[in-house]
Amino acid sequence: MSRTISEIASFLGLRFQGDGDRKVDKVSSWEAADASSLIYIESREVAAQFPQTVQAACAIVLPESAPAGISAIFSERPKLDFARAASLLQPRPSSAGMRHPSAVISASAEIDKSVDVGPLVTVRAGARIRRGCILHEGVVIGEGCVLGEECVLYPSVILYPQVEVGNRAILHAGVVVGSDGFGYVFDGDAYIKFPQVGTVVIEDDVEIGANSTIDRGSLGVTRIGAGAKIDNLVQVAHNVQIGKGVVIAAQTGVSGSTIIEEYAVIGGQVGFGDHAHVQKGVVIGSKAGVLPGKIVRSGETYWGIPVRPLSEFKRLNALFGRLPQMKEEISKLKEQVALLQAALQKFESK
Amino acid sequence: MSRTISEIASFLGLRFQGDGDRKVDKVSSWEAADASSLIYIESREVAAQFPQTVQAACAIVLPESAPAGISAIFSERPKLDFARAASLLQPRPSSAGMRHPSAVISASAEIDKSVDVGPLVTVRAGARIRRGCILHEGVVIGEGCVLGEECVLYPSVILYPQVEVGNRAILHAGVVVGSDGFGYVFDGDAYIKFPQVGTVVIEDDVEIGANSTIDRGSLGVTRIGAGAKIDNLVQVAHNVQIGKGVVIAAQTGVSGSTIIEEYAVIGGQVGFGDHAHVQKGVVIGSKAGVLPGKIVRSGETYWGIPVRPLSEFKRLNALFGRLPQMKEEISKLKEQVALLQAALQKFESK
Amino acid sequence: MSRTISEIASFLGLRFQGDGDRKVDKVSSWEAADASSLIYIESREVAAQFPQTVQAACAIVLPESAPAGISAIFSERPKLDFARAASLLQPRPSSAGMRHPSAVISASAEIDKSVDVGPLVTVRAGARIRRGCILHEGVVIGEGCVLGEECVLYPSVILYPQVEVGNRAILHAGVVVGSDGFGYVFDGDAYIKFPQVGTVVIEDDVEIGANSTIDRGSLGVTRIGAGAKIDNLVQVAHNVQIGKGVVIAAQTGVSGSTIIEEYAVIGGQVGFGDHAHVQKGVVIGSKAGVLPGKIVRSGETYWGIPVRPLSEFKRLNALFGRLPQMKEEISKLKEQVALLQAALQKFESK
């Protein structure tokens, strides 16, 4: 969608310099920019040495740091305002009320007339789908599921029955929500399935990455809080509670009943034992491991298996690397002590 | 399905007290229970202090520990009997012989008339599907696959050709069985694909979690033993042998030709090198790593990368945390030894 | 496909002994071989003690090491030539120009007439699919995607719009290519989506395992180099560059903008922080962790979290296991030093 520089600046509530009527129609990296691109420059250093060959229509830059010859919008946070401008130039796709004839839709499903139902989608009995949703190829909406407004479900997203999704959720291809949790009771010979009859609630503005899996509660609810962002191939087990604005990177796994409070930031390939409790705003580094039942307290960054505060982890890791020297020092001390013992014995025997 | 308390007690072979004719129609957590719920209470302590506001129809409790005012069934293992009761109240879905017109079914497939074939399912040539199976949306049954009785395949389960599945298997959404194993021979310039022409056998009563992947044997068979339970996003490579009753938690990966003997219990995010051998009943903690070719012997719980017996792991981990003190002690010893050396030298020079 | 021993030897450019006219129709393990099987024997030791009961038609063996009674083809690298022979006996499936009536194909897609479009496939506007491709059930080809010649896409492979795939790619079931990268800017209250409007380029002869995910570039390109082989459940983030002939085992995750140069070999469950740089030919062991921005230099094998050269890792790991002895030695030294101090004091007080 084409916009003028002054329209973009006005949308962002920011000042600009240069040709306000010039048209911009996309966001680009500066390496790939052409004469209709919006770019951003994050630092004054980069702006000062900016290649004159770059052909962008406009750059979002720190105040008064525009490279020569490029129209500029001034922002204290260029990357943030670039992301905002992108939502204007390349807005989320909007639905047009399409119903593909190959879709299999239950007569008892309630689907707003604005919703796009793509090819080979299934919507089962009692499902309710609100205004502006887009269901791509092969999506399955189970019995009684509810989708809020303007959700986008990419191909092959599977919702088991009774899953509730809030407004503006984005579920990427292959996401599974509401599968049975992993719970059994051993009877001495075989594992008996513990009932997995709870539900999943995904609140507003959640995004979940490709092929991630979110299990339903066993008897209760698995909840993903508003604005949480979950990367690809993440596992969220039954009864987990993910707070508002939590970020979880790829391939992390969260075991049953664990609580991750709001605005925690979790790296990739992290593992949480069951019934752990991560407090508000905690940061956990990639590949870390949190033991079952562990309380991870606010105010720190954590690393390692099991997790420790980062400063402690760094110190221990450095000492781990110095183990050969420690061994050496101990050997030398043993020699010195043996010499001292011998010398003393000589004295004593005099 | 509605049942009376006396019917449930009789099914479980247990005593009850209270109103045997009262109807129960679901299992619930006690927090969410209503007047038609069955709940369970695992300990006498919880039962003794049980909130009087809870409205369950019936509780399964340890003998003679019924909270006041609730009908009770007495069990030495309340959680196990609760799980059994759930299979009575909320039984597995049963098939009704449905053939959705959108399904694509080969004329040479043999499908029992009781089987449900859901929307947009494909069943290829020569597949055989026995009594009571349910195939959800988008399932693909490859050429020559065999499904035993009463299997449930959730949406988008993909079986490559020639996969055999036993009775009562549950495969969750997005599971892939029979994909090519990861085997190549380097010719000095490129990787030449090693043939992946074996099969997969999944025995009776196996459950596999969402988006897990089970590769076919290269020349032989990948086997998942009877009653094994596999969580979400687990990888099982070519020629792996998983024994009877093995439990594997989410995101664990098992490399080629590894053997995991019966009743082993494997945590989440564990990694097994190829040709490892885990003996019967071994327990391996989450995030552990087993080296290629390693034999992990029965009778222990293992942790760490590489795995060590838990007692040893705990001791080493504690000492790891004490590295700063060890460093401190070595420094102090060095000072003391230097003082001793100086003192001795003084003596000697007298 | 049936071939004579002399045809196979000729195809491989190798000598044989025995009955050149004998028919071979498949590759087998020697345990499962029958009278029409080709097998291979990797070492002279195994060949010398080979069970006389094995019924293969022909064995590929090291020169002059044929077991008695079996026709043999002589090779310096039996496993490699066995893999090559397999490509002759059990060649890749070839397409026949099938268009399944249930497929949903845009009028503006260009699909070579030789291509197989399976049941329930979707091909969107502007896609171009070249000679010999096979699209299995439920595959989705997004707007403007390009597939080179003879690609095989197994069921439920999802290509988001604008993905480019080279010749002879094999994408296994459930693979997602071109999903949005995981990028947000925090505005103090919520995470604002950073634009994910780049593309993915997959070069010739790439194979990607089941349920792996490859994100599109944010503003640039995510690239998988020619001949790279990627196992199941692997995550490749936005803007990653994977070089020619790189091998990546299952469940590894590569964070944004990381570069892995040609012929690197990466184990399973490895994690790469963002903007890391792995140089040509590096080998990284399973479960290793590479820190963000880290340069991993050519000429070494690396292990551990964070990665260290293998020799160093082994030494440190051995010392880690000896921590109890080190603690013991320190305690003993403390005792000895205390005794020495006491003895000296006695001298001094004389």
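Letters A, B and C mark the chains as written, and numbering starts fresh at 1 in each.
What we mean here is this: a residue touches a chain if its C-beta (ideal position, glycine included) is under 8 Å from a C-beta of that chain, and two chains touch if they have at least 3 such contacts.
A quick note: this is a predicted structure, and the numbers were derived from the prediction, not measured.
Chemist: Chain contact topology under the given definition, line, ring, star, complete or other?
Modeler: complete
Chemist: Roughly how big is the turn, in degrees to the nearest 5, that lines up chain B with chain C by CA atoms?
Modeler: 120
Chemist: Same residues or different residues where chain A meets chain B? The copies count as same if more than half of the interface numbers are shared.
Modeler: On the two sides of the chain B and chain A interface, the residue numbers are mostly different, under half being shared.
Chemist: Just the number, please: Cα centre separation of chain A and chain B in whole Å.
Modeler: From the centre of chain A to the centre of chain B is 26 Å.
Chemist: On chain C, where are the residues touching two or more other chains?
Modeler: 102, 120, 138, 156, 174, 211, 233, 251, 269, 320, 326, 330, 333, 337, 340, 344, 347, in rising order.
Chemist: Spell out the part of chain C that touches chain B in their complex, as residue ranges.
Modeler: 26-29, 31-32, 77, 79-80, 82-84, 86-87, 90, 100, 102, 118-120, 136-138, 154-156, 170, 172-174, 205, 207, 209-211, 227, 229, 231-233, 245, 247, 249-251, 268-269, 286-287, 317, 320-321, 323-324, 326-327, 330, 333-334, 337, 340-341, 344, 347-348
Chemist: Going by the contact rule set out above, which residues of chain A touch chain B in the complex?
Modeler: On the chain A side, the touching residues are 102, 104, 120, 122, 138, 140, 156, 158, 160, 174, 176, 179-180, 182, 184-185, 187, 189-195, 197, 211, 213, 215, 219-220, 233, 235, 237, 251, 253, 255, 269, 271, 273, 289, 305-306, 308, 315-316, 319-320, 322, 326, 329-330, 333, 336-337, 340, 343-344, 347.
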